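Here chain A shows up in two complexes: once beside chain B, once beside chain C.
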Partner chain A sequence: MELLINGTTVQLSNNITTVSDVIDYFIPDRPAVVVEHNGNILTKENHSTVNVKDGDKIELVNFVGGG
Partner chain B sequence: MLTIGNKSFHSRLLLGTGKYPDVNVQKQAVDASETEILTFSVRRMDIFESSQPNLLEKISISNYDLLPNTAGAYTAEEAVRTAKLAYASGLCDMIKVEVIGDKKSLLPDPVETLKATEELLKEGFIVLPYTSDDVVLARKLEELGAHAIMPGASPIGSGQGIINPLNLSLIIEQSHVPVIVDAGIRSPQDVVTAMELGADGILLNTAVSGSPDPVKMAEAMKLAVQSGRLGFEAGKIPKKRYATASSPEEGISF
Partner chain C sequence: MEQRYSRQTLFSPIGTDGQRKLQHAHILIIGAGALGTSTAEMFTRAGAGKITIADRDYVEWSNLQRQQLYTEEDAQNRLPKAIALKEKLEAINQDVRIKAHVTDVTPWNLEELIGGVDLMLDATDNFEIRMIMNDISQKHNIPWIYGAVVGSYGISYTIIPGETPCLHCMMEQVPLGGLTCDTAGIISPIVQLVTAHQGAEALKILTGNRDALRENLVSFDLWSNQHSSIDVQMLKNDNCSSCGASPSYPFLDYQNQTRTAVLCGRDTVQIRPSSTRKPDLKRTAEDLSPLGEVEQNPFLLSFSTGANRLVLFQDGRVLVHGTSDIAEARSLYHRYFG
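Right after this comes the complex of A and B.
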C-alpha cells in the first residue's frame, strides 16, 4: 500500500489498516500527535476507527516551541 | 486577575516556548516566569527522525493553559486549518491568530487576520489575534468578538521594544477586552512601560529564550509585569516643571 505521509510517499505493508497503525509504526512515542486524513482533521477517538487505503494523504502534526 | 473569555489567570505574563537552548533550560525558565499560559506552534512532524526533541517532554502541560499560534499562516484559510489541527489535540480551546503579511518584517496581514478571527469565533474558539498596533484595526477585532487584542510592540523577535506607545495607549483606552502586548519586547523596562500604559498582559518569547540567562530573565520579566501593573493601579504623580521638596520647610533653623 502506498500512502502520502507529510509530503513523502511511503510504502507500507497491508498489515497497517487504521490511522492508529500508521502512528504506531512511525511515531509510537509521541502521544500529542494530531492527524489530518485526506483533508479531514481527526479527533483522537477516530484514530483507531478510520481505515487507510492505497493513495491516502495523511498529515501528522505536533506541537513545537513557538511564541 | 487577567480574564480571557471564561478563563481567569493570576499571572499577566504569557510565555512562548520557542528557541530555548534546551528543554531543561526551557522548563526552568517557564517555572521562573510563573506563567499560567504557554504558547506554542503546530508543525508537520519529521516521521523519519525519532530523536527530535519533544516540547511536551519536560513541561507538565496539564498545569498550564495552552495557547497555540497559527504562525506560518499567510492566509486566513491556513490559519483556520492550523487552529483546527491544534484543537483536535484535545489540549486547548484558545488560539493566537497570527497571519503574517510580510516575510521580512513578519508584520501581520490585517485583512486576513480579521477574516481568520471572524471564522474562528464562529467555530467557538477563544480567539486572541496578534495584530499591528493599528487603533482602528484593534477596534474592529474587538467588534467581531475577539476575546483579547494582542498588538505588537515592534516586529517579532526584533527586540526593538515599544515603538509606538501612543498607539498602544489608544488601543488600551478604547478596549473592553484584555490588551496583551505581544512581540518585540527586549527588556524588563519595555514590559514595565507597557504595563504602566495599562496593558492587561505581556506575551514574550525571544526576550527570555534568547537571553544569555533565560531563567534569570524569565524571573525579571515576571517581576517587571508585576511592578508595572502595581504602578499602573497605584497611579503616578503629575510631572512638574520645578522641584517640590519632599522634606518639610518648617523647622530648618535649629
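Right after this comes the complex of A and C.
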C-alpha cells in the first residue's frame, strides 16, 4: 500500500489497515499525536476506527517536549 | 539611534505604528535554553518594551552547541541562565527592560510573573509546565506560543484564548516519557526554525496584525525533509476543562502538581508526579541505556549518571539520589524522563 505521509510517499505492508496502525508504525508508544487523514482532523477515538487505503494522504504531528 | 528600527518599520505591515506597539509590549519567556535565548535575542533587537525571563537552570558546557549568547565563561562559572542571558541582552539593547527570575516556575509564581504581560513564549523543556502555562493563558486571556524541539524535529502552535483550541484540547493528557534533548540529542538548525515561527507569530500579535496569524499547527523534520501544516480548529473542545464553557484550570490545582520532598539525611529528593502520569519502564530503559547504567526489575528502573542515580517506580514516583536540592532534582527528572 502506498501512502503520502507528511508529503513523502511511503510503501507500507498490507497488514496496516487503520490510522492507529500507521501511528504505531511511525511513532510507537508516543501518546500525543494529532492526525489529519485526507484533509480531515481525527479525534483520538477515530484513530482505531478509520481505515486507510492506497493513495491516502496522512499528516502526522507528534507533540514533543524539548526546548 | 533613530535608524535603529528603520528596516523593521520599513516593512509595511509593521510600520511606525506597529513599532510603537512593540515598544509598549511585555513578553514573558519561560525557559532560557535553546528556544528562549533565540527568541529573547530576537525581541531585544526588535525593540520590545519589556522582556521577563524565568529559568531554573545554570549554563553547562553541553548547552553551548546551540544555546546562543552563552559563553565558555558562563559555563565555567555555572552562571544561572536567566542572569547570563539578561547581561547579554542588556549589552545588545539598553532600551529594553530585561527582568530575570532564577526560579522553578509553578502555578503560584506564574500568577505573579504574568502581571502586565501581553504574550507568553514557550521555551520550556517539559509538558508539565506547558500545561500550567496553558491554563494561566486561558485564565488571564493572554496568548501563548507553543514551541518544542528534539533531534531534528520541531513543532509550533499559536494559542489564542477564546479563538483557537488550547494545548489541553489537542493533547488531552500530559504524556510521561518520550524523547528529550538529553536522550535523543538536538541540532541547532531546528531550534532556529521553530523560533523563526514563534517569533513571526509573536511579531504579528504584538504589532496589531492578528489577521496575519498562521492558524495551523506546524511541524518539521530537517533531517528527513518532512513538514506538515494542518488546520486543528475542529479540535477545540467546548467541554475542555482548560478552555471550555466551564473551565476549572486543572493544571493550576495543587492535586495535579508534581510533588517533591527532600528525604532527610539521604541526599535524595523524591518526585511524585500527578496521578495521571504512568511511565513505560521498558521503553524508558531503552531510551536511557546509551546514556548511563540502567538496571531494571519488574517494579522499578535504576539509572546512574555521573554523581546521580535516578530510580523510577511503576507508579511514576522518582527518587533522585546524590542531591538534596529540589530544583536540581527536578531538572534531572525532566532531563531524563521528559
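Note that in this section the second predicted complex is superposed on the first by the 63 of 67 C-alpha atoms of A that agree within 3 Å, B and C clash if a C-alpha of one lies under 4 Å from a C-alpha of the other, contacts with A are read in each partner's own complex, and residues count from 1 in each chain.
Following the convention adopted for this analysis, a residue touches a chain if its C-beta (ideal position, glycine included) is under 8 Å from a C-beta of that chain, and two chains touch if they have at least 3 such contacts.
This structure is a prediction, so every number in the text was calculated from the model and none was measured.
Of the two partner chains placed by superposition, chain B and chain C are both touched by A:Val34. Once chain A of one complex is fitted onto chain A of the other, the partner contacts of A:Asn62 extend to both chain B and chain C.
By the touch criterion defined above, A:Met1 reaches neither chain B nor chain C. Of the two partner chains placed around the shared chain by superposition, chain B is the only one that A:Phe26 touches, whereas chain C remains out of contact. When the two complexes are laid over each other on chain A, chain A has residues 5-8, 29-30, 32, 34, 36, 41, 43-44, 59-67 in contact with both chain B and chain C. Listed in rising order, the residues of chain B touching chain A in the complex are 16-20, 26, 39-48, 50, 54-56, 66, 68-69, 71, 84-86, 88-91, 156-157, 183, 203-206.
The touching residues of chain C, counted against chain A in their complex, run 31, 33-36, 122-127, 130, 147-150, 153-155, 170-173, 175, 177-181, 184, 186, 217, 219, 221, 224-232, 234-235, 280, 283, 338. On chain A, the positions that touch chain C within their shared complex are 5-8, 29-32, 34, 36, 41, 43-44, 59-67. Here chain A touches chain B in the complex through residues 5-8, 26-27, 29-30, 32-36, 41-44, 59-67, going by the rule given at the top.
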